[in-house]
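Structures incoming, each one as structure tokens.
Below are two complexes that have subunit A in common, paired first with subunit B and then with subunit C.
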Partner chain A sequence: MPLEKLYQFFSSLRLTVLLLVLGMVLVFLGTLAQVSLGLYRAQNEFFRSFFVYWGPPGASWRIPVFPGGYLLGALMLINLIAAHWRYFRADWRKSGIVLIHAGLVLLLLGQLATDLLSVESTLHLREGEAKNYSEVDRRVELAITEVTDPAYDQVVTIPQRVLERQGEVSVSQLPFTIRIRKFYPNAMVSARPADATEPAPADQGVGPQVVLTPLPHVTEMGKRDVPAAVVELVTPSGSLGRWLASEYISQPQRIATGGRVFTLAMRPQRLYKPWTIRLLDFRHDRYPGTDIPKNFSSRILLTDPRNGTEREVVIRMNSPLRYGGETYYQASYDPDDQGSVLQVVRNPSWLTPYIACSMITVGLLLQFTIHLFRFAGRIVRT
Partner chain B sequence: MNDEVTVPRSPKRHLCKILMWAGLAGTLVPACKREEVQVYRIEKPQPPSAVAPSHGDRPGEEAAASMAGHPHGDLEGFRPRIEYAAPPGWSEQPAGPMRVASFRVDDSQGLHADVAVIPLRGLTGRTLEMWNLWRQQLGLPEGNAEQMEQSAAEIIIHGHRGRLFDLVTAQTPPGESQRIRIVGAMVDVNNVAWFFKMTGPDSVVTAQKPAFVAWLQSVRFLSLDTPTQASASVEAAEKFPQWEVPAGWQSVPAGAFLVAKFIVGTESEKAEINISRSAGDGGGWINNVNRWRRQLGLAEAGSEEIRQQTRFLELSSAQAMQIELDGTDARTGQPTRVVGVMVPLADEAWFYKLFGPANAVDSEKAAFIRFVQSVRY
Partner chain C sequence: MKTWFLRALPWALLAVFAADIVAILLPRPEGEFHLQAFGRLPVLANGRVQPFDSLGRNCLLQIRGTAAVPLEEKKSYEFWKHPPKLRATEWLLEVMTRPEVADARPIFLIHHPDLLEDLKLQGKGVEKSGLHYFAFNDLKPVLARIESEGRQAMSVESQARTAYQRQVAKLFNAVALYQRLKFTLQPEGTRDMTVELDELSKSVEPGLAALRARQAGREFDRAPLDRLVEFLRRYDTMAQLAYAWVVPPPSADAPREHWQNLGQVLFQAGMSGQAPPEPVRWLAEIASGYTLRDASRFNRAVHAYGEWLAAHAPAELRKGRAEFWYNQLQAFLHAMIIYLCAFLLASIAMLTVQAWPTGSESLRRSALYLAILALVVHTAGLAFRMWLERRPPVTNLYSSAVFVGWAVTLLGVGVERVYRMGLGVAASALVGFVTLLIAHNLALGGDTMEMMRAVLDNNFWLATHVITITLGYAAMFFAGFLGILYIGLGVFTSLLALKLHKEGEAPQPHPKPFGPDDIAAATLGKALAKMIYAVICFGTLFSFAGTVLGGIWADQSWGRFWGWDPKENGALMIVLWCAAILHARWGGLIRERGLANMAIFGNVITAFSWFGTNMLGIGLHSYGFMDAAFRWLLLFYATQLAVIGLGLLPLDKWRSFRKASVQQAGTGAYVAEPASGS
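Coming up: the complex of A and B.
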């Protein structure tokens, strides 16, 4: 029966050994790949994927050549559960083993949940500045903001993943459809020389005045790609032309149509929060007579109108602020010591490794203790 | 391995299958989560206070003015800075968002060239792409790395080795009176790629090239900790001297290990001046004189002999040693005279070497000594 064979395959201890060996090889290859791909891309291509792909340099096709981290992790999890089910016999003397395995299952599931559900972003504040959003460093969004209302802006954001699909976006709040004509994962935009001969990347806004140069992915740590997109705005009565969006273009480009005014800008993806954080003071203490950092900390004012919260908090290294399901770590600072960078982590499963490790520890203690008492009992009996 | 254990047939296997597939589905389904378009209302933010300056006389610059000095590929937001000594006749312009320095260089015919300094974080090691970008701007076909290296001259800017390029359009572009030339240098400093570029009519850029190269050698890259100065001269630069270059001396790209290099005279009677510096005493006077002696095919001399040949040169800030040697240049095989000077300072030593055919060296020797005496450390 095929299902039974499948069950035997997934519960096989040989599969366990094979998966552990493949896991070791994957870690080894992924570590080596960081040299050429950089940390971020190596993590994505080796560990946050179901397969590791390879293709000849310059070719447009790639084939899967090795199982990726997601596939190995999923198979390990299935194997662990299936094998445990297959070989499990109710016996109090094996209760420690059960606890250890349950801890491992929780650890695997928790890490998968962390990987899939956690969101990291940064909050950069100059002293005195307040923000109610953080920014995702390596993702951009196309923001089309209606600025007609004198009090409020209405913002439509198109995340990078949607831009990459190069499709069409229509929302009822906009009088035009956005056709993403071209998306460049990394491109430089520079001023257009007078004698440039190649066609302009776009015919509206700053498009005719610039040159767009696609670049390969950045691989070094601490650097990132700067994506660009060419979008066409289409109203029922016709096209409004093509616009270029890039973080290089710092001033939002204005679009006026039907008595309404919009701006268009590419920016780091923003994550808005119902509370506001204002940087009151940043301190960077050094050991006397040296430039060696002793301590750096941010004194912030947290304001949440939902519950009337208004309190000052000092965030230092190893002493983060936890609020609203997010954790704010002191991550970096401006060279002039007038600004601070906080890393913002939202991780719904942050407790799972603590619980899992506790279960494994208790399981190990239990199992060794049971063995010790059984061994001691045998000695007494003989 | 007890892999061959027979599985007892029992109802729990059905439960096991269900759990297995549920586990697999539970693993895969969250991975398919998608980011979607969002719509929200926010209070109007404060309008930006900074307004980018406009440079209407430079094509394309208005567009650049609306561009951030967004360091490409960078996660930081601070712009690198430099100090320099602007050559006479160069008119400093507002820097703008992309440029950290900008000049307009006019000639007597009413033509002018544009000088720009643009730092780009994260573009280090991309010299070929940027060189091709300049070629593209001049309507030249793209070249490969080998062609780029062949066309490059080495240049040292504040101790960092870079490349100097000289590019010109194949023909006079429409609307222009002559061909357009770019003389530019690219140098990587830490994680910042620096681009120094002079663009303009062929005659202006060609005439200004020596001044451009000399200006590059006055450039100092400032660390972010260095206090801001909008446009400081070399006098403010840390331990970099100011000197008065004699008339007729032409600054050329300095090779490796040199701070600056000048040439003077005609092709057949050309003298060269090399300037270098070393930490500490630079190996000492005796060792350096013997190094010069070896370059001239002379046997090494003892310290007593060298001391007898050494003259002392009074400077405002130090006492320098001077020596004159005659021999045959080991590289060219030509008879060569060397006038060498070492200036020992508290924590470094500066070396000045005038060399070439005896006639050329003799005619420049007085100017050379005045030049060494003019240096303010």
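Coming up: the complex of A and C.
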């Protein structure tokens, strides 16, 4: 019976041991890979994948060489559940073991949910500044803002994944269609030297005055890719030319057509919230006579017009603010100590590890207590 | 041999080693200059209050890599010769008050041949066992070169530096530290600090009067103003460069972080016209007394300043005294030596168990007593350190090494009480020795009680997450070294087949089922395997709990339970490996030998998690990057893999499992003492 064989295979302890060892090797390889790939990409390639791929440097093909985190995690889950199904006996003495493994299942599922659902962004505030949005570090968006009426801005944003497809976007609010001609995942934009010979990346806005240098992905910790895009704006009556967008271009570029005025800018993707956070004061204490940071803290004012909330909160290391399903952590600060960077995490499944770990702890305690009592019972019998 | 001798031997050895410890605790007589009294005085450096003695030691460690300066060179094999040494406190005093003498001491360690050539230092300095030490005077002509090369090397990220760059960066830092130390007690070029203070106080009033006149646009005398400005300029330099802050908060109720360096205080005094606070006078007297070689003046000032501190800064004075005592004790160094002796005795005891049972038992007892003595010394040092720092025991890599050694020997002594075979002592004393040796080398980097960075400044998490995870490391290493014992004894001796009791003697079931007389652990090999299994269970529990607590801490401070940080991954690898071992054992995939081999591989994984991840130089946890240590780690890996290779030999090649030896050992005369008896 092949089905029986399959069941036996998936419920066997041999598979458990194999998966645990493979898991360990994967974690080891993923850790080493962080040195060359950086934390973010190593995570994606090793842990948030079904297979780890490898190809010779420079080649376009890559073959799967090792199971990835998703595959191993899924197999572990199947193995765990199948083994318990196969060996389960209704016996209170085994309750600890069952609880430990149920906790493990929850932990694995919770981490999967975190992986899929959590969103991390940052909130950079200078002292006195207020914002009602945070920014996603690793994602950009192309913002086209209509500024015809100085009292009122209307913004259309095109997220990075749409830019990556290099297709065509048309929106009813805009009198032109946006053709994404080229998207660079990481590129440097610099002033055009007088003797430059290569063609300009774009013919409108700052395009003719700069050179664009595509770069490989950044791997260092604390640095990120800076994407760039070349877009062509097409009205029914003809093209408005090609424009270059990158975060290196600090001033929004102005586009005038048909009596309306727009600006075009690349910026980190924004996540708007119904509440506002104002930085009142940032403190950075050092130990006397040294540069060793003793603590940093941000005193902020949280205002939420929906329910009339207006409160002052101090966010410190190891003491975040939780509000509206988001958590705000003290992450970094400006070199002049006048500004603060808060990490914003929205993670609907943040409680699962707490529940899972409580289950496992209770399971372990139960298991040890049961052992102890059986053991003591044996001594009493003799 | 006489049995009374064998019975007395363990106690005699214990007494000898204990007497050595007591001898350190006895106060040493002061010399002409009361240097110990000076060494106890508090000073603020590296963000914390410490005695001058610690300041001297830590700076000398960073510059020379030793805690004292030998005054005569001896050959490195002549360890019985104790050449006269300049202790750290005395060296520090010289740097601070008699720089012309200090500049001639060979203290800067340079060994990279390219750097020696670059700085044109060949033929200069002092050579000892291939290491070259140079005096500041030797370096004076090339200071500019050291600075430019040093700055260039420092601009490269530390893990990307070449050996040359590392060396030049280290030299640059050492020279900078040395020069900053000179500005602690007096400005450059002062011969008598007390005289300088008097001159300052005489020139402040006329100088300020001239300044006021100039500001008001009146006629003023140029000379007194220039004099004052010259003083202020010197003090400003001093205030900028001073490494240690010597002037304590002015009164007992002032905020405790209000320390100042001498330059700041004198600058303020010169600007305001007010007399500097009292400690300045005593510190100046101390400096003058030492510069002018006037012992009675120096001693009077040291004691008078001590009295002032007792009234105005009693907590700092106590801290200085306590840490001075801790430095003198050198608890971990002594514990390390005793562990080594305990390990050797326990090893001999095991090897002679069949040939000479009574002698073996005496040696085993000696080893156990010494291990307990070392553990007491180790515990005392650990507790004292915790009290000094007001912190849980593990705060950095150094203290984690100390703690791992402590936990392992505690486990080992516990195991030895149940299985009286010398195994627990041998494995744990070896781990204790090695971890303290590692700690000793980590301490060469300088201050080991540095202040905690903001993110780590949390005693609750340091006490829970860090302790549990470190206990997990300790258990893994203990299991691993027991595994090495299993393979070593199995392959090279017949001891694993040794029956622990005569047929039918053990009561069944025995109230101490983990004891050697448990029927399931009928041979030494089986008993050893049980030990390994139990220790791995312990390690699994602690590694898992520690990892989870770490996740919760990360969730509290960074908003993610798990971030795939190298240190987190290292801990996860230990947990996965433990789980693999336990499931393989439960599934019958491995037996005793497999268990031992897997436990030894646990050493490899734990060493990666503990040290290897820090060497990757990435991630939030990379607080202690070490480069020379990398070679040692690789060497350790090679030895572990070699032992595993040995363990994979077919069992009939093992001396313990050959037919003949099994029979021979089985009928041997040795009968282990029942754990329940005597």
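One rule holds for everything that comes next: the second predicted complex is superposed on the first by the 353 of 382 C-alpha atoms of A that agree within 3 Å, B and C clash if a C-alpha of one lies under 4 Å from a C-alpha of the other, contacts with A are read in each partner's own complex, and residues count from 1 in each chain.
We adopt the following convention: contacts are C-beta pairs under 8 Å (C-beta built on N, C-alpha and C of every residue); 3 or more make two chains touch, one makes a residue touch a chain.
All values reported here derive from a predicted model rather than from experimental measurement.
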Legend entry - Superposition on subunit A - do subunit B and subunit C clash or fit: clash
Legend entry - Broader residue contact with subunit A after superposition on the shared chain, subunit B or subunit C: B
Inset, instruction - For A:F66, select first, second, both or neither according to whether it touches subunit B, subunit C, the two together, or no partner. - result: neither
Inset, instruction - Would you check which partner chain A:W275 touches, where first means subunit B only, second means subunit C only, and both and neither mean what they say? - result: neither
Legend entry - Touched partner set for A:P288, first subunit B, second subunit C, both or neither: second
Inset, instruction - Scan A:L32 for contacts with subunit B and subunit C and give back first, second, both or neither. - result: second
Inset, instruction - Return first, second, both or neither, reflecting whether A:Y87 touches subunit B, subunit C, both chains, or no partner chain. - result: first
Inset, instruction - Figure out whether A:L3 sits in contact with subunit B (first) or subunit C (second), or with both, or with neither. - result: first
Inset, instruction - Once the structures are superposed on A, label A:L20 by its partner contacts, choosing first (subunit B), second (subunit C), both or neither. - result: second
Inset, instruction - Figure out whether A:P353 sits in contact with subunit B (first) or subunit C (second), or with both, or with neither. - result: second
Inset, instruction - Would you mind listing the overlap between the subunit B footprint and the subunit C footprint on subunit A? - result: 12-14
Inset, instruction - Can you check the complex and tell me which residues of subunit A touch subunit B? - result: 3-4, 7-8, 10-14, 70, 73-74, 77-78, 81-82, 85-87, 112-113, 116-117, 124, 137, 147, 149-162, 169, 171, 173, 186, 188-198, 206, 209-211, 213, 215, 218, 220, 222-226, 247-251, 272, 334-336
Inset, instruction - Sort out for me which residues of subunit B touch subunit A in the complex. - result: 1-3, 5, 7, 12-13, 16-17, 19-20, 23-24, 27-28, 30-31, 33-45, 52, 59-64, 66-68, 70, 72-75, 77-78, 97-98, 121-123, 126, 129, 133, 136-139, 169, 173, 176, 180, 191, 224-225
Inset, instruction - Using the touch definition up top, name the residues of subunit C that touch subunit A in the complex. - result: 44-48, 244-245, 257, 259, 261, 450-451, 453-455, 457-458, 461, 507, 509, 511, 513, 541, 544-545, 548, 551-553, 555-566, 569-570, 572-573, 576-577, 579-580, 583-584, 586-587, 589, 605, 608, 613, 616-619
Legend entry - Touching residues (chain side subunit A, partner subunit C) in the complex: 12-14, 16-17, 20-21, 23-24, 27-28, 30-32, 34-35, 39, 42-43, 47, 111, 114, 118, 120, 221, 286-290, 292-296, 317-320, 327, 329, 331, 343, 345, 347, 350, 353-354, 357, 360-361, 364, 375, 378-379, 382
